[in-house]
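What follows is a set of structures for review.
Both complexes shown next keep chain A, but they swap its partner, so chain B is in the first and chain C is in the second.
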Partner chain A sequence: MSANYILRRLFWAIPTLIGVAILVFVLVRVVPGDPIAMMLPPGATAEDVGRLRALYGLDAPIPKQFVAWMGDVLRGNFGTSISLREGVVRLVMSRLPATLELVIVAVAVACAFAALAAVGAVYFRGRWPELVVDGLSGLVLAIPDFLWGLLFVLVLGVLLPVLPISGRIDPTLDFNPATGFYLAEALLRLRWDAFADLMKHILLPALALALPLAAALTRVLKGSLIDAMNQDYVTLVRVKGYSRARILWRVALRNALIPTVTLTGVQFSFLIGGTVLIEYIFSYPGIGNLAIAAVNQRDLPLIQGLVLTFAVLFILTNLLVDMAYSILNPRVRQS
Partner chain B sequence: MSTLLAIRDLDLTLGSKPPVRLLRRVSLQVEPGQIVGLVGESGAGKTMVSRVVLGIAPANARVTHGSVAFAARDITHLSEAQRRPLLGREIAFIPQNPMTALNPVERIGPQITDVLRMHLDLGRTDAQDRALALLREVHLREPQRILRQHPHELSGGMRQRVLIAIAFACKPKLVIADEPTTALDVTVQKQILQLIRELQRNSGTAILFITHDLGVVAKLCDHVVVMHGGRVLESAAAARLFENPTHAYTRALFAATPRFDRPADELKPIPAALTQQLNEEARVLDARDA
Partner chain C sequence: MKVIAVLRNPRVAFGVLVLVVLIVAAAGATRLSPHDPLEQDLLNSFQHPGASDGDQSHPLGTDSLGRDILSRLIFGARPALIVAFVAALFAGLIGTALGLAAGYFGGRLDAAISRLVDIWMSFPSVLLCIVLAAVLGAGLHTVIIAIVVIDWTRFCRVVRAETMLQKSLDYVASAVTIGLGPGRILASEILPNVAPLLLTLFTLEMGIAIVVEAILSFVGLSVSSGVPTWGGIIQEGRLYVNQAWWLMAAPMACIIVAVLGLNALGDGLREAIDPVKAR
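Up next, the complex of A and B:
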């Protein structure tokens, strides 16, 4: 995949983002709920409300508001959060790393689970491990991520409290990260105590997000592996004297990843969407949790900024999936 | 020297209720350095014979009678792990379709060096050098470049040369070639046959050559085995067989084969009555052996 192609993809993301911006801008103004009313103490006069409306530019007609907002956005100014009274960009940027770390850990966990389960099931084809993998993946697939989250909170937080079920890090820990990427920083600075604590906190939310993805990946990967095992190139390595394990890991898996990425690409985007509820359930300080707070407060500038951030994440995820596909498939890579 | 490959009275049976007999008391021998042609119509069981030798018969097929011996060692019922040191090392394989036989996501280099490193314990650079030499031996130009290419960047003929290089890489005692030219253009077919002949002469490797093409057999083989319906009908030295075929089916097969000295309109299809008679015989044999 060429740099040219990537640039083209990013360019075509612009109309998508403008469409998303218009949609969310209009929607948050049409649905019931008034941000100003939420800010003011009970008993505020209609006059007070009107003054605040004018202050936040909410008194103008929607098209005019949109043009003003869009002009600001193009200059990099996403406005100020009404409820938190802080710049939207600063707020989002301070929370985004937490969400990115959560998503990356969840994807890594899901991929590792899926690879082990699918390869194991195909290695023991027709015997009990295959049945276990088929049964479990079907069960896990039937339960959505937020239910896993609630289940973990209930079982591991309340009945059997071995892992923390809220927050990102133990606040009493003496760890002062310079960036928002706590996990990465703990790792780079070899702060194993902080790393262990961060992992403990991220484990359950990441697992809740990862499980449905892992199950979907396992299913598709297993089918692709079985297909690959029937191909001529596998017959050839068999008669070259490869062991079954080596065939699966070194030959079939690489080939099976190509259809798997094609068929499951969209699931990776679902995972991004899943962060909203999962972060809320685990009080994890990412942009998903921030989004719920913003909606509760009818914080229009913040909602708009967050929705655009999510849209960018979706677009980047799709681009990454396509890049993974072209890296895995030498035919595409070279054309 | 003792016989290299000795297949004796081999039965291969598929499933159990009712069992389907894929091979019926098949016997054939390959002497060291010999080229043996295995001919017969589609469905005769030629590929099945090779798959039993290579240990890759269909999962639900079982050897129910007879034996396969390689270099005086019984290999009929070896486990996968026991057979592995032989495969690619002592017995190698040239597949029918070069377009699908190479791993599409791996470069050519590692697909040649893997057998060298696995079976001959060569280091990375030694294996690399040997792979280059092998590509030269199969007359591929720019071997350096080919090692870095992926299969889809090579033509069918080039890929078949690579597969032949892989087969001969560890100087095996026996190469099984299952219709190695049927998937190729006519002009390329000739070159590939020439190449196999040349490598065989230089290395003294024995070849079990599976084909439909009696013309190829006449040019290439020392000995010919004719199969139909999972059984061997005739087995003879090539010269003898072409001069004086004894089995009616062999004669019919000759009559059905185009030859340069015979116009195509003189080709006779294999008589239905003969096929019917052979099938009837097979049923009688099955009743006897059941």
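Up next, the complex of A and C:
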């Protein structure tokens, strides 16, 4: 895979982003309720309303507003949040690292679970571990993911209080991170107490977020592993005297990853979308939680900034999945 | 009759049972519920399930304002069922109309509709939901519109594929031969043959709609807080989860049973109506 390929993909993301920007801009401008009226106390005069509209640039004609807005966006100026009275870019940037850490931990958890479950099920094919894996992945997929988050809160947070169910870090902990990437920073500064606390907080939301992906990955990976185990190259290494476990981990797994990445690419984007609810359920201070607050407050500048941020995340996720695919599959890399 | 045979399928039977319970609860909420779902009784807040003091009995306990949980759950079946029926109906109507047209006429129309579906499905539903909720504001109509706007593609894709299959069969060719127009063929020849599939999709969509309604009422974007909804009860329960875990557990159980029931009904119908294809 070449730098050329990546650049080309990034270039094609531009029209998609402009499309999302136009969609968001237009839709938000046709809102029936007046967001300005909601910001002012009852009894505000028409003059006050007018001044506030001018302040947020909502008094100009729509095309003019769009040109001004696009110009601002290109210069990295997304305006000021109406409800929080803070720059949208600053708000999003201060929350984004939390979401990214959550997503990365969730993907790692899902991949680890899926690899263990699928390899285990194929190794013990036809015996009880396979039935357990099949049953559990079916159960995980049957119950919607937002209920898994709530079930974790209920069971692991309250009935057997083993893990914290809200926030990102214990506020009494003496840890003053310089960046938003708390986990990475705790690790680099060798602050094991902070790292352990952060992991405790992130575990339940990450697990809730990871479950649907883990179940989908397990199913596809298991099927691909079974296919791979019937291939000639596996018979060959078996004749050479490799053990069954070694064949599974070293030979079959690598070949089974290609169809798995292809078939589960979409699931990775679902995971990004899943952060919105999971962060809300666990009061985790990321951009998903911010998005729900913004919608509830009808904070238009913030909503626009967040939707564009999510669009960028979705595009990048798709790019990463494609890159993983071409790294795994030499045939695609060469063509 | 065939209906009896279909009901013998255990999944269908379970699904029908769940659906009937839901409909009865929603329709007879005023008669069935032991209390007024909005009636507050601050002296008896956070009652345990099964606790009864004096003349008041609360089989599933009470919430922070002393309101009866069982009654609130029964009334909560109403918004859930309304959203499930209306949203699945409109998503089905739009998706089926476009799917029939794309599958039957093919060519440029099919290319245009299929492309639209692809673009639509690549757009993350969470973003669409956020934007729609921001534009429309909170309310039951927002929930229904969001589901229809996001999920019509499910119907469209499946109906298109099925219509293309049906169109290649002899009975359609004979209908063309005897001079029936495309509208007539679609309505009275192809549609009845697609109907069993539609029934399955409709049932599955109802399950999805119930979850979406719960999610949106959970985050405060469905009906106003005066009307009890399952998601709303969960949200209230979340605030007091350390004092009263049952506030959250009871509505969660309702949603899980409703969704599992409707999914079982959809899957069971697919098996029962077309045992060959289900394999």
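As a convention for this text, the second predicted complex is superposed on the first by the 331 of 335 C-alpha atoms of A that agree within 3 Å, B and C clash if a C-alpha of one lies under 4 Å from a C-alpha of the other, contacts with A are read in each partner's own complex, and residues count from 1 in each chain.
Here, contacts are C-beta pairs under 8 Å (C-beta built on N, C-alpha and C of every residue); 3 or more make two chains touch, one makes a residue touch a chain.
Quick caveat, the model's predicted, so the values are computed rather than measured.
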Check whether chain B or chain C contacts more residues of chain A in the superposed model. C
Quick one: classify A:N77 as touching chain B (first), chain C (second), both or neither. neither
Touching partner for A:T235 - first (chain B), second (chain C), both, neither: first
Once the two structures are fitted together, what part of chain A is touched by chain B and by chain C alike? none
Per the contact definition, I'd like the list of chain A residues that touch chain C in the complex. 20, 23-24, 27-28, 30-33, 142-144, 146-147, 150-151, 153-154, 157-159, 165, 269, 272-274, 276-277, 280-281, 291-292, 294-296, 298, 300, 303, 306-307, 310-311, 314
Residues of chain C defined as touching chain A within the complex: 124-127, 130-138, 211, 214-215, 218-221, 234, 238, 241-242, 245, 248-249, 252, 255-256, 259-260, 263
Going by the contact rule at the top, pick out the chain A residues touching chain B in the complex. 231-233, 235-244, 251, 254-255, 258, 328-331, 334
The answer for chain B against chain A in the complex is residues 54, 56, 80-81, 84-89, 91-93, 95, 97, 100-106, 114-115, 118-119, 150, 152-153, 163, 166
